[in-house]
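Below, chain A partners chain B and then partners chain C, in two separate complexes.
Entry: the complex of A and B
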């Protein structure tokens, strides 16, 4: 059996575990820590990952990369990305419409994509596991926030592949917690479990029904990509920077080193306030020899972050709504993630559930890693009595569909559908003699396609000319348990079909491809029109020939009758008959030659054009 | 619509099964057909199981909700037994049309 590990790939730190001897072992790194900071620092000689990189952050902020998870699989134009960029001391720039990172490494400028940075971190996690286990690690389950869309999941998978891992599954963090819960606490009855995971960078909430058979049925997920410990730290940093400015007339913004040191002090104060009511924030020589020292109470920390704390309840609301479950039907509320140590958070969640006691029995920091390790063992085919019968029925994180008339998003696979799933729907054309259809695949929940994320597009050309609304184009979305989506479309009339597999890189069509396809389609269109016209002409000629033959046969019949009539026929009558026959033949011939010239193919005058033309090949639901 | 998916047959239950029967049958069929439980099977077996699971999940979605089940039952009764099928591929296209009735 291959060695399969579970990796919790967090915004601020990572953790790796393995299922061995009927339990999960959390694997410590070379410094003996179960957690490795998600930091990569580039130096003149090497790159550092984890604790060593984090220690470099204050000294070399522009070459120390962190919080990369927030950049993963997103467009540079994303407003959220812009806010994140403003917060980090390293350089983020746009390349291929995606955010990339620029650092100095070994005396040169080097550019990295977020997934490349992640692959470095994953390689590190793999090495930590290998040196602990003393064997080669081949495959892994990697966790991501439940709200990660298909692109973000694919990008995560790519990072794993780059790190030399076979990624068995990109698993939602909350789903991983559900697996941990299932293996930890077998409960022989059906019950609804709400998992609330507030980590360093994001919040994920899931509602899972645990069934006595061992099946875990994920009902709904929700989350906030920008809500976590880092945001609470930000608040404190902003607050104390303002205080420092008031007291010393010194603006710290732009001074990355000072801000970094202030941030470390703020984070420490935040942690202390989870148990103490009051703490001191102290930074020696924060700016040009000026020391910073102030006190912070739990109450004022809670006031500063009040709106952020309250925002953590929104996803709970939406999960219950989506799962159609009343809060009183929730049997267990499980808190995981480091930020759930903040007392105010626990109180707010408990109050939401009318004072319900929260389940804090799971290890806040390790629950996600444990679930990833359990799922890795199951997917690798491990046979253990404890995992026997455990099955996680996960759901599609977002709706998947195509663009239809008027730029609408028509979902084919709806959000929260249990995966794997396969769905088909019939569509038709929107204009007469439309030569093809342009299928654009989007993921997201917005009603307008353009507000969602484009994940793939393709064209079917060469439809037989037909009035609009007549062709039948069946579009099928087939999604496996690994979030791999295959989209196919078939024109029922011509039997033409196209299939694409959606990968992280949008298979966008270049202008040249568009032109080529347009020209090809135009060719098909002309060919089809000519074929149709030629056939029509042939039919017309055949039919007039048939009429002529019938007329001639009639004339011939009458002549035969006359010839067999006997001797009492005058020459005049014979001559008259012959004249009639000649006339009939002549009419027939004239008709035939005339019809041949009148039936010409109707040639389309449409000019071969470009992208705009293909874009007009819209689909509409039947 | 030529073939009609027989969701009762797919879940191995009778037409008057209770909500609990449906739930139990779904979990049972899931454990049998979900590809995650078939790590040591051949790719072909996994593919066949995946197709079956997709239809089984549709069956559960339709039959576990009283409104959807009522709607489905009324369509079911209009179909001759030979038109109903437990073949998984009948579900994908039926489901889309059907699910749209519920928005």
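Entry: the complex of A and C
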């Protein structure tokens, strides 16, 4: 059996585990820690990953990369990204519309994409597992927040592939927790489980129905990509920098080293406050020899973060709404993720469920890794009795559909549909004699296509001319358990069809492809126009030839009549007749050549202005 | 029934297609209920239960390398989604009781097998010459 590991790829830290001897073993790194910080630091000689990189963060902030997960698979123009960039000390710039990172490495400036940084971290996690297991690791299950869309999942998968891993599945963190729950604490009756995972960077909430047979049926997911421990730390850092400014008239902003040290102190204070009511925040020589020391109570921490804490309840609300389940029907509420240690969070969740007792029996930090390891074992073909009955019916994280008339988004696979799934829908054209259709595939829940994420597009050209609304174009979305989406469209009239597999490179058509396509379209149009013009010209020539022939025949007929008429006809009459015949022949010839030239000028194809033109090939639902 | 013919919707056509597909892959005479192994009077909870049980058999994760596992499971999901939605189930039940129409309306055939000009001409020639 190939060795398959489970990796929890967190915003702030990662963890790796393996299913062995009927249980999950969490694999410690070379420093003996079960968790490896998601930090990569670039130096003059090498790159450092994990603990070593985190230690470098304060000394060399501009070359130490962290929080990359928040940049993954998103557009640079995303307002969320902009807010994140403002918070990080390293340089983030735009390349191909996506955020990239620029650092100094070995004396040179080097650029990395977020997935490249991720692949470095994943390589590290693979090495940790290999040195612990003493064998080669070939494949892995990697977890991501439940709200990650297709592009983000694909990018994560690519990072795994770059790290030399066969990615068996990109699994939602909360679904992983469900698998852990299923294996660890099984009770054989149907019940609804709500999983609340508040980690360092994001919040995921899932509602899963656990069935007596062992099937875990995910009903709905929701989350907040920007809510977690890091945000609470940010609040504290802001608060104390303001305090420092008041007391010492020194602005810390821009001083990354000081801010980094303050942040470490704040994080420590936050953790302490999960058990203590009061703590001290202390940084020696925070700025030019000025020490910083202040106290923080649990109450004031809760006040500072109150709005953030309350925001954690919104995804619970939407999950219950989407799953059509009342909060009283939830049998178990499971809290996982480091930030659920904050007492106020637990109280808020419990109050939401009318004082329900929360299930904290799972290991807050390791539950996700355990689930990933279990799923990895199942997918790699493990035959453990404990994993035998486990089946995770996961759902599509976002709606998938195409753009239709007026820029509307028509979903074909709706959010929260169990995958794998396959759905088809009929569409038609929006204008008369529309020569093709432009199929644009989007993911997202917004009603306007442009507010969603474009994941691919293609064209079917060469439709037979028909009035609008007549052609039938069947669009099929086929999605497998690995979030791989295949979209195909078939014109029922001509039988023409196109299929694309949605991959991570979702910028869609490049400029060049667009030009090639429009050239094809133009070619098609010109060909059709030429054919039409040529036919018309031929018809005209034939008809004038026919007229000419008739006239000539008439003239010939009269001449024959004259020739057969007898002797008493003067030379003058014969001459006159010949002249008339010559005239008729000449007119006919002139007419023929004239009609041929007059047709020349009319031949014209419609001028096609590439992209804009193809964009007008819209679809509308039947 | 005539009004029903006129009123067949996109959802009905989806059901027709699905009925044919299920029969083709699961054997003749298989309907949505018999496939899930529940009586047609089953409650939504029973259907969900049966669906999950069936998933365990059909899910591609449990059928590594089986060729049509993906197709069959995908179909099961759509079938279950119809039976778990009261409005859609009502539509299906109508056809379950009355049978799926043999003639599904010209629009149905037109949209599925939209004939090309050539086919139509050939067809007309055959009709008129007969």
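We take it that the second predicted complex is superposed on the first by the 535 of 622 C-alpha atoms of A that agree within 3 Å, B and C clash if a C-alpha of one lies under 4 Å from a C-alpha of the other, contacts with A are read in each partner's own complex, and residues count from 1 in each chain.
Keep this in mind: a residue touches a chain if its C-beta (ideal position, glycine included) is under 8 Å from a C-beta of that chain, and two chains touch if they have at least 3 such contacts.
Note that this is a predicted model, so its numbers are computed, not measured.
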Superposition on chain A - do chain B and chain C clash or fit: clash
First (chain B), second (chain C), both or neither touched by A:213: both
Partner chain in contact with A:481 - chain B first, chain C second, else both or neither: both
Chain touching more of chain A, residue-wise (chain B, chain C): C
Which of chain B and chain C A:464 touches, first, second, both or neither: second
First (chain B), second (chain C), both or neither touched by A:34: neither
First, second, both or neither for A:346, with chain B first and chain C second: neither
Touching partner for A:418 - first (chain B), second (chain C), both, neither: both
Partner chain in contact with A:493 - chain B first, chain C second, else both or neither: second
On chain A, the residue positions that both chain B and chain C contact, one per complex: 190, 211, 213-215, 378-379, 381, 389, 391-393, 417-418, 420-426, 480-481
Partner chain C, residues of chain A touching it in the complex: 190, 209, 211-215, 217, 378-379, 381, 389, 391-393, 417-426, 464, 471-472, 478, 480-481, 492-494, 622
Contact footprint of chain A on chain C as seen in their complex: 10, 17, 48-49, 52-53, 55-56, 59-62, 64, 70-71, 73-75, 77-78, 81, 110-114, 116-117
Chain A to chain B touching residues, read off their complex: 190, 211, 213-215, 378-381, 389, 391-393, 412, 414, 417-418, 420-426, 474, 476, 480-481
Chain A-touching residues of chain B, taken from the complex the two chains share: 23-24, 27-28, 30-31, 34-37, 39-40, 50-51, 53-54, 57-58, 60-61, 91-93, 95-97, 99
